[in-house]
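I'd like to ask some things about the structure below.
Naming follows writing order (A, B and C), and every chain is counted from residue 1.
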Amino acid sequence: MINLPENELTVAFSASETTVLSQPNFWRRAGRSLLHDPVALCSFAFILLLTVVAVFAPLIAPYDPLRQFSNGLSFVGAPVAPNGHFLLGTDASGRDVLSRLIFGARVSLLVGVVATGLASLIGVVIGTVAGYVGGVTESILMRFTDMVLSFPILLFCVALIAVTGPSTRNVVLVIAFAYWTYLARVVRGQVLSIKEREFVNAARTLGVGHIKIIRKHIIPHLIPTIIVYGTLGVATSILIEASLSFLGIGVPLPQASWGEMISEGQQYFQSAPWLLVAPGVALILTVLAFNLAGDWLTDLLDPAVQEMGS
Amino acid sequence: MSFTLQPGETLGIAGESGSGKSSVARALVQLTRPTGGTVSLGGAPVTNLKGQRLKRFRRRMQMVYQDPYDSLDPRMSVSDAIGEALSVRGLPKTEHAAQVAQLLERVKLPATIAQRHPNQLSGGQRQRVSIARALAVNPEIIICDEAVAALDVSIRAQVLNLLKDIQHDTGVGYLFISHDLSTLRFMADHVAIMYVGRIVEYGTSEEVFSNPQHPYTRALIAAVPSVTRRGERRLKLSGEPPDPGNPPSGCPFHPRCPEAVETCRTERPELLTIGDAQKVACHVVQWGREKTPKTEVTA
Amino acid sequence: MTAWLLRRFLQMLLVIFGVVTLAFVFAYIVPANPARMVAGPQASPAAVASIAHQLGLDRSVWSQYVSFLGRILHGNLGVSFALQGRTVAGEIWLALPYTAVLAFGGILWEIVIGIPAGIIAAYRPRSVVDRFATFGALLGLSAPPFWLGLMLIYFLAYKVSWFPLNGVGHPLIWYMILPSFTLGVGGAAFYSRMVRTTVRQVLRSPFIEFARLKGMPERTILFRHVLRHALTPVVTMLGMDLGYFLGGVLIIESIFGIPGVGQLAYSSISTLDVPMITGTVLVAAVFMVFMSFVVDVAYTFIDPRVRLNVGK
């Protein structure tokens, strides 16, 4: 059987990797590479900024994101355009768009990071067990992965939310449950090649236990992959969260989230385009930053890909 | 196939690539299950061990691998790599540093490299670390699978001498697998020549190298460039070794053998004693002499 | 070859069976009380009980599962709760043509934009075109489709009225241009990067150098050698995309008001129409599984090396 996406990924992250994270000059090399790559530098700076904004949202936001200002609506009851008082204008309920945007960053980052973390955990465990143990266990785990992968990811999330009910926790769980499959496949492919390497054989010959071999000789070699897929996964998770919120089944109201803001703004876009532009740009920049950071990490951590890309 | 390895002795196994040398090594340390045959250590069979007994067995037989760039985990420092072996032996962590230093000294490496990672070491240094790691569990036998093949000639000699010194001091037995006959001649007390998973000739190093009998052995030895044997008519090996999964009928060497006769195509020759300890599996050689009664080489 | 085809086909059936099982688990077992979910929070206990009976929830899980499988096997996806008296299969069948047009349109955009952009970028690395294509690709991958769709509507349908605002009408193609573009732009971005990488790899390989040394014109090299190698993976992945799109494109269909399968799934979620949700999800998954089968089979015909491996 051929599975194209899987082959694709195994090629991209072949085990011929020579990167050693604990290598003394690794961090220096990483730093130098970052300084020579303004795009990546900007991406990391943006992610850092976003994190600060999200963590300190109550201190940074000019207003309470839920407060409906009496002067937040024009005399015909329409949203107010950006002005000195409301820097990014107000929405249809007279709430400050900038403050909602800042609190929305919290939701996006939280959901993105937690969902990806959870997905990585599941993916790494299942992929490692499948690749290391092999045989029937591998067949069962990978067929199960195939089945979950057969559902279109967004529709799958939407349907799962529909049966479990919308809540922030469920959004995180559902995204994690849909995304782990990608990592599981890649990790399995890598474990298959790592476990054939001589140092694993050497450890087995010494009589080192399987658990310890996995912990000491396999997992450390997966870290570059996990970092790269984790970064790209945050981008994907943020997009899915925004899509779910846009469809009205994401993070529950009245909590501000970018997807929900776009969804609300949709009705007023003819008269109040800033309602679409602000959250849209925030979303694009965030996802873009994570994608670019992921690209840079791929180049840094995997010479095989670097070779291909240059 | 069967062969015996005495304590403190070196048995060399020679053959072209694809002759099954490495499979033998892997089967012996039970990385793979052999398709047949048994392995005994100290008289007790050690095939198909499981769990704790397998773990205990493993310590007694260690291996030094061919590729110095792959046999050490690039993410582990030298002291961690050796320390892992010491942990297996059950040595408390507090004693690791002293033991690591001692083992490094044993393989003639400076104690300062303990904190280095493999990518900061040369190929020869890596092989020494591999040897130290194997020694850390006090094995009775070390299998060297093309252990010096990847090294420069000058470094190769140093490592070989080191191995000899260690054997002299500890009495460890070596199973030395190599395609390089001069290395084997230097290292081995006994030599077994392998072809497609079978031993075709066996004897002391002296017997096999000065008086090779099997046409395959003769071809191998003739293929070694030599200054003294210049001008001598050389026995040439043509063709590729066959697929070990699908060996030819009769004598597996017959399609490439210049002396093959009809019987070679149909009957597989047995390994029979022809000299003191020398044994050959070849119809033509065996007919040349009087057929001696069957004697098995036992493990 | 035939044996492999048969095995691959059986494998597909097995995955479909698993998908059906998974759908059953999520529709009937995961929710604490599916009947309550269907009836709504205000429903009386009697109404909930009657719906539970209607759903067969008062029976054992196994008997529910068996009857569920039996129904699916006959192509019966059940009766919609929200749309009284309509069958799920019938509704999906009615919605499918819209989704199909949209899906093929999206694929078309992916091909028309993605492949040329990738080739040009590969032939002129680090040029303005390359940088523009790279940045555009990243933007295309990062922009949420619902936002992109709304922007297109705002500028091209509302501000300048080049295209209809939303809905469907005659000619259908006219109404599908913006939605299919929105659908295809992400894929186009992805393929332009993929084509760029593979074309660059092929251009550096010795047989291209040899062809150049022979004096083969650059155009011939491109069409005879480069494209053949670079497009094989693209073609197969386009097949997967088609399977994915045919399952319904929730967000784009809802923004543009296209009455396709995605819209059906979306509206069934707001009304908690469980048979409809299950039905649409199942159909989508089956499309994906089926297309991955088709792609695998096609691949063995395109690339003889794969067939060799298959024979082993």
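The rule is short, and it goes like this: a contact is a pair of C-beta atoms (placed from the backbone, for glycine too) under 8 Å apart; a residue touches a chain by one contact, two chains touch by 3 or more.
Remember, predicted model here, so these are calculated numbers, not experimental data.
The minimal number of chain-to-chain contact steps leading from subunit B to subunit C is 2. Across all inter-chain contacts, the pair with the most C-beta pairs is A-C. In terms of Cα centroid distance from the overall Cα mean, chain A ranks first. Centroid distances from subunit A, each centroid being the mean of CA atoms, peak for B. Centre to centre, using the average C-alpha position, subunit B and subunit C are separated by 56 Å.
Chain geometry summary: the mean Cα position of subunit A and that of subunit B are 51 Å apart.
A separation of 21 Å divides the Cα centre of subunit A from that of subunit C. Residues of subunit A in contact with at least two other chains: none. Those residues of subunit A whose C-beta lies close enough to touch subunit C in the complex are 1-5, 8, 143-144, 146-148, 150-152, 154-156, 158-164, 235, 239, 242-243, 246-249, 259, 262-263, 266, 269-270, 273, 276, 280, 283-284, 287-288, 291-292, 295, 308-309.
Of all the residues in subunit A, the ones that touch subunit B in their complex are 18, 20-23, 197-199, 201-209, 216-217, 220-221.
Of all the residues in subunit C, the ones that touch subunit A in their complex are 8, 11, 14-15, 18-19, 22, 26-27, 30-31, 34, 37, 138-139, 141-144, 146-147, 150-151, 153-154, 158, 197, 200-201, 233, 236-237, 240, 244, 247-248, 250-251, 254-255, 262, 265-266, 269-270, 272, 274, 277-278, 280-281, 284-285, 288-289, 292, 295-296, 299-300, 306, 309-310. By the touch criterion given at the top, residues 26, 29, 31, 54-56, 58-59, 61-63, 65-67, 70-76, 84-85, 88, 117, 119, 130, 133, 137 of subunit B touch subunit A in their complex.
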